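Order of writing sets the chain letters: A, B, C, D, E and F. Residues in each chain are counted from 1.
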Amino acid sequence: MTRPVTLFTGQWADLPLEDLAEKAGRWGFDGLELACWGDHFEVDRALAEDDYCAGIQEVLERNHLNCFALGAHLVGQAVCDPIDARHQVILPPEVWGDGDPTSVKERAAERMKDTARAAARLGVTQVNGFTGSAIWHLLYSFPPNDFAEVERGYDDFAERWSSIIDVFDAEGVKFGLEVHPTEIAYDFVTTRRTLDAIGNRAGFGINLDPSHFAHQHLDTAQFALEFPDRIYHVHVKDSRKRLDGRRSILGSHLNFGEEARGWDFVSPGHGDVDFEELFRALNRIGYQGPLSIEWEDSGMNREYGAQDALAFVRRTDFTPSDVAFDAAMQRS
Amino acid sequence: MTRPVTLFTGQWADLPLEDLAEKAGRWGFDGLELACWGDHFEVDRALAEDDYCAGIQEVLERNHLNCFALGAHLVGQAVCDPIDARHQVILPPEVWGDGDPTSVKERAAERMKDTARAAARLGVTQVNGFTGSAIWHLLYSFPPNDFAEVERGYDDFAERWSSIIDVFDAEGVKFGLEVHPTEIAYDFVTTRRTLDAIGNRAGFGINLDPSHFAHQHLDTAQFALEFPDRIYHVHVKDSRKRLDGRRSILGSHLNFGEEARGWDFVSPGHGDVDFEELFRALNRIGYQGPLSIEWEDSGMNREYGAQDALAFVRRTDFTPSDVAFDAAMQRS
Amino acid sequence: MTRPVTLFTGQWADLPLEDLAEKAGRWGFDGLELACWGDHFEVDRALAEDDYCAGIQEVLERNHLNCFALGAHLVGQAVCDPIDARHQVILPPEVWGDGDPTSVKERAAERMKDTARAAARLGVTQVNGFTGSAIWHLLYSFPPNDFAEVERGYDDFAERWSSIIDVFDAEGVKFGLEVHPTEIAYDFVTTRRTLDAIGNRAGFGINLDPSHFAHQHLDTAQFALEFPDRIYHVHVKDSRKRLDGRRSILGSHLNFGEEARGWDFVSPGHGDVDFEELFRALNRIGYQGPLSIEWEDSGMNREYGAQDALAFVRRTDFTPSDVAFDAAMQRS
Amino acid sequence: MTRPVTLFTGQWADLPLEDLAEKAGRWGFDGLELACWGDHFEVDRALAEDDYCAGIQEVLERNHLNCFALGAHLVGQAVCDPIDARHQVILPPEVWGDGDPTSVKERAAERMKDTARAAARLGVTQVNGFTGSAIWHLLYSFPPNDFAEVERGYDDFAERWSSIIDVFDAEGVKFGLEVHPTEIAYDFVTTRRTLDAIGNRAGFGINLDPSHFAHQHLDTAQFALEFPDRIYHVHVKDSRKRLDGRRSILGSHLNFGEEARGWDFVSPGHGDVDFEELFRALNRIGYQGPLSIEWEDSGMNREYGAQDALAFVRRTDFTPSDVAFDAAMQRS
Amino acid sequence: MTRPVTLFTGQWADLPLEDLAEKAGRWGFDGLELACWGDHFEVDRALAEDDYCAGIQEVLERNHLNCFALGAHLVGQAVCDPIDARHQVILPPEVWGDGDPTSVKERAAERMKDTARAAARLGVTQVNGFTGSAIWHLLYSFPPNDFAEVERGYDDFAERWSSIIDVFDAEGVKFGLEVHPTEIAYDFVTTRRTLDAIGNRAGFGINLDPSHFAHQHLDTAQFALEFPDRIYHVHVKDSRKRLDGRRSILGSHLNFGEEARGWDFVSPGHGDVDFEELFRALNRIGYQGPLSIEWEDSGMNREYGAQDALAFVRRTDFTPSDVAFDAAMQRS
Amino acid sequence: MTRPVTLFTGQWADLPLEDLAEKAGRWGFDGLELACWGDHFEVDRALAEDDYCAGIQEVLERNHLNCFALGAHLVGQAVCDPIDARHQVILPPEVWGDGDPTSVKERAAERMKDTARAAARLGVTQVNGFTGSAIWHLLYSFPPNDFAEVERGYDDFAERWSSIIDVFDAEGVKFGLEVHPTEIAYDFVTTRRTLDAIGNRAGFGINLDPSHFAHQHLDTAQFALEFPDRIYHVHVKDSRKRLDGRRSILGSHLNFGEEARGWDFVSPGHGDVDFEELFRALNRIGYQGPLSIEWEDSGMNREYGAQDALAFVRRTDFTPSDVAFDAAMQRS
């Protein structure tokens, strides 16, 4: 049996959940990874209203959809980031509040704890998201970094997230960091350091999204084999390098979708990610959770693309072997 | 006749100019690109002491060295950057002062104007350096950038540097931005926007350093052909990608020289830069200025490397053709 | 909505239009690009017989087919070419006439004007074709070219085709040169010079066929972006390089389909053309015209191939996006 | 018309033929290549029991399956190999007998003759298999080979197999060696020498299996063109190189399916074999026999894979052309 | 002992032989391949003046130079070419005469016979050159070639050159066609056909110049192994592909040296030719003749380049082995 | 200071040591790695004759040569190998004896112990060599391997070599296995298992020879970093892949030097090994021992090659850095 295929709702937050669930069910998805923004999953209402979660589940069931995970990327980002004006746009007003950086970060941390509680209410044991990072802006070491400051960034992360993960543990929910540029972990090296910083505790794992690896020239399948017991959730998202000697891999301060960028997100199967190799690695480590399509392609119609992506995953994912060939290749 | 080969003194600031000049002369360099830090070239003294520049020139001449350009990277960086603790380490105490960001940036701008004045006193018409950038930290657009803020970054640059370049113009000196990550321009797209932002005025050009292009997957030779009338100075520096699916092109927050980095600086000729193609492009655009070796390779002995680099440039650079072959390939 | 897919009838001229239209309709094509040879579209009859065009349209409609363009390659070739025996085979007898080169070229030019008139009668506003070239045979400059003669080749083209395009303009029809070796334009450089030679007038544009670019190592998607306002029509045709150190890219004077050739035409999707990249570029420039399959593969059954190609285009072409992701990736 | 697609039963010998035939018929295969082990095709019974072959044919027909070839790899291996314990596992007890190497080899040769006789009884004219090799273990010449010993290996092969092929000739059956490491022929050079050694007689040809070529960096399509009149049968099997600088192409003494191997077998279409190029070569040499899927992929469910492979072949194989394009591309 | 290194004088015909010989001797060349134009070697004077050849030899000897071969490219080109205005520029006036194509070709053939006679007088047994081609302009088969006409082109070549080679044979001189686009042979396929057309007679061989192979994606070393007994002379010349998706491999009707070309000639060792592989192949076939540098690089100073090329050949060419390692790697 | 460069004498055993030492000294080598065959270093005489070692040292000193290591490859091979006729050629007669496999292996093991003793007498603390392997012939698992037999191969190795290494330990000498096909360890995986099998004891390390890695597609520099504390000695030897789709990577049972092989040994710097990357890795792990040129290239003159290789190493090896650049790139 192959893995369930879900749709991450983060890029569809302009649609009410009712409408999106109807579409996703009709297209044949097995479930939704509900974003904690828009009206898809509202953490505060889930905790405040007794029937809120039942209502969400009803919408899902009516459309023959499961929910295996929540996506809490936006609030998570504010936990460790140096706060600037961009965060106001992605945070709920009550988390942004007066915008005082210290307070925003604290409120974001509290909201993440509430998210674990709300997930438990919904009966979901996996929350994916971002952590933010106090040191991402030190990416290129000029002026020369004080590498002790980099160390302090990991410590700051560990301190802020340990108390959050305490609540996750208490609720029986796991957190999956989407390893991603701008986060505390974005590649092999930084993931190792991040997991070490937080004591490799089981409550903090990885939401593996290959689209963020391909443009860094990283091999996602090898990543899965490197951290086999921390792959808690998997996104199916793709990106494509378009390097011709004139387009920088660094992005040129251009928005996604601009022709002159050196790489961009594309619909799964249209980019550089070797999904078969990734799925084989997931088989090898025994991952049986959902493949959650996070759909983003600035050059393709969104509804066409979601269905194209679903078909792609259905034909690319496959069941592992349960036969040894040597046995067969012998006289009976 | 091939181009003069100089040594940029920035990576040798631990040595007194006397010692370094002696070495460089003995190794066979044609000149030095003097860094405006250490005791190599002190802007304040050049303006305050009547015989300072003569003293510098005497040291150079005694070692059969010319000076075609100054390097003012460290102070320039502070003109547009958001100031943080790292800048204190690279700035002269009197520029850092109380460390108030607004004031530091103003003092840095004033020092850049003084640098033009000091260069003129020394009889040098080219100053290379960095600009800093108000928007470099917005490199990866998450939280999603407000691209108007990116625009304002170019405007901020233009405003701060226009008044600096006014002084350069008055002194008959040109500024060459070393196109480089962390600066307002680091690739084709951002260089075009930077030059446009400052009105493509002649006083503001480029110090072309290919080591910063190679790891971005950019073609430096094409860059020279794209901005032929703004290539005012050329660094010979190299970098090498070491991508194996586990090392990120983004650097992993590791210091230069760490084994796990996806790219690193290496001695010229030991990396990915196609110097022959670059030198052919320089021939094509008529560049006849110095090739200034900026030597940095954390895995090689510095003195060995400087001589190795000089020999590399001497055997790789060549004189353009002055013959048409068609004419010869005909009956006389 | 994706673009209509048509079949260029030039490689099927051995079949009567009635038969071919029935097949194409049954296979699911949206239309035919009618070749002006065989009985597919006869220019002289279209002008001479009042009901000829209505008859053609009736055949198309009966098979649920549209016609967006005519293909007039064979006669167009004779307008600028030095005429030799090979042209007799591709020209109608009345255009070949006595075979006197000067007269053949004039008659070919007149027939092209008639083709515009006939297209207008049929209600079609696009005619694709070849121009021929007075200088193609100077491809490799030995004996050394007099490059003034090359210049005269562009002038000759401009003179002959300007009067043709005058008629196209008068009839409200546009001409699309299929950029192609043996023509006045076959790559980026020569297309730029060709368009410049004819004053970049709107009546003269491009029928973009990627199969002629791939074996030249050219990027068709970049070509579309380079000449965005002159892409009037698009062929879907593919070619494949088969270079192994023993097969020349130049063709070895072997006919198409010979094993020892270094490249060959193949059914779309079976070769080197990156159609997704091309279709994305067409989306970017807003091209909404037909994708016209010109089917040629000497190793594949033609009827199998036409259907295979249609399926390939249907699954590869897609609708552009109409959503901004940033908006969705924010708190609602 | 495209070629029939069959399933080689060797990797399914744990299933009774009845069951396997039912599955293969239901999945849509055109036939089975019956392995001479398990109960799929029992050579001794075919010769001893008058109705055995009719019974086999009945099973096939009931499931709408043909049989174009037998697979006699295991016994064939023992004809030339130095015998060791591994052979006991793959040989029928009566061929292994007392395990005396000389006698085992003779009994294996006799059984191969019987296989030809049994094939004739079944009405099948093609038997595929291995030959073994007296010299395979001399692969890497250290201690330095006495190359006369290598020559003697070919002689030994020729002597042992000539008498076998005499029986094949008499029965009107042909043998197809599956060119493969561990056999007397495994690449271009050794195949040429093998065919020469046995006098290029028609009874001894090739069962072409591209999976054994890909990891040797060999081009199977070129192989087909090199030995066009000896390609008697074709396997569709695939392999994939996974070289990353740490995995050896030589296999590391690891079993198939181990993560650290440098190459492995994979389901057709999931590996390095260019099947389209191979099928075009088969068209060119006029091969019209079966494409027999030998399915082996230690990372994929076997039943899923067999169907996936069948679909892959159906959509990849195609009929050659019967039209000349030049004729069509002329005025009618 | 390594092979002698000579300089082909064709690209230096603007210099008197006296001057050029002095330079070449001083730079360390072993000899000159004298071009039959300029004043380097004048065929008519060699036949007419008794002491002409002795005078040439005296110049050479004075500069310690040998002459192993003549270069008669320009006149040879006119033997088979369709004559046009470009030939007037490369032919001696008396060969061009009235410019009537039929007569020009005949006079060129006669002059080639005289060249053999003159070579014999000079004591040189090798003449290199071009043949021209009646069919080069049919390179791309559109309008579709009548391939019988291509056949006739080879016949025309064989007829015209057979009588020339008769004289070469009589004089004990061999002709070496420089396989080259625009000639009757330019790759593997056409060389095979050319040698077959002229009956593979020993008087007609090859002057192997790798610069004409590299841009065709051909492997010159394999070419040497393919025609081992016809490699009579070797040019050391290089070319470089500069393909970026915008530059055509076909040359864009641009002159050599233009930036936008897809390939160009460069000084030996600066391009795509794998000279070590070529020299190993020459060792393998036992070629011991000269390596004659034909120097052409529109981006490099000619005199610098000639010396650079000589140093390159000296350090790249090496003597074959005369030891068997197996023997040494044994106990003595 | 860079590393000493020595010459391994194994491929020169046809020359008396006196002659070879004179050559090596004249060419500029720093020392010899003496082969324990020919008259270069005779283990039995070293133990039997009191002045033998002094005599060897005298020859070395007279030629200004050191000796850092012995090479005992031939005898070592017989310790674990299944013995066949090929071993007789490489073994001293007294080790071969009656050729009984069990006894040969025992005598070879004893001779290896003597080699340690003799090395100690000579004052050399490093012996390089081969181990042989009981399982190499099981390389390709067909007939299917019993992998327990593979395990037993490692056990057999550990048992035989543990008692040998006991003597090495007692003598203060280390053994360096040259990781190599045909040995118990030939890649990353098998080296790990080999070191584990022998308990990772310090007496048993690696003689790293990159030429055996390149054709396996292995990265020697990564290997050095993987086993940093076991790199006891380094060979400088090179190999080159020549894969064209027709040549197998497996060697085709052809002798070294045959044109049709898929890879071959070549003089250092002429092949696929990235020596700079290797030398950087050696710097990183702190290896300061000799770089010992094992010269083998069947296409190059041996004496030319040895000098070419020495020059290559001298210009490629370099001293590591002892400066931190950050410190310099700051205001003084």
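By our rule, contacts are C-beta pairs under 8 Å (C-beta built on N, C-alpha and C of every residue); 3 or more make two chains touch, one makes a residue touch a chain.
Keep in mind it's a predicted model, so treat the numbers as computed, not measured.
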- Message: Farthest chain from chain D, going by mean C-alpha coordinates, please.
- Response: B
- When A-C and D-F are ranked by contacting C-beta pairs, first place goes to D-F
- Counting shared numbers against all numbers at the contact of chain E and chain F, is it over half, same, or under half, different? different
- Taking each chain's centre as the mean of its C-alpha atoms, give the chain farthest from chain A. E
- Task: Please report how many Å separate the Cα centroid of chain B from that of chain E, as a whole number.
- Result: 46
- Where the CA atoms of chain C average out and where those of chain F average out, how many Å apart are those spots? 63
- Item | Of all residues in chain D, the ones touching two or more other chains | 74, 89-90, 144, 222, 245, 255-256, 326, 329-330
- Task: Could you please specify the touching residues of chain F with respect to chain C in the complex?
- Result: 244-245
- Which bits of chain D are touching chain F when the two form their complex? 74, 77, 81, 85-87, 89-90, 135, 137-147, 149-150, 153, 180-182, 186-190, 216-219, 222, 226, 243, 245-256, 260, 262
- Query: What residues of chain B sit close enough to touch chain E in their complex?
  - Reply: 222, 225, 276, 280, 283-284, 318-323, 325-332
- Message: Per the contact definition, I'd like the list of chain F residues that touch chain E in the complex.
- Response: 10-14, 37-39, 74, 89-92, 244, 255-257, 259, 270, 296-302, 304-305, 308
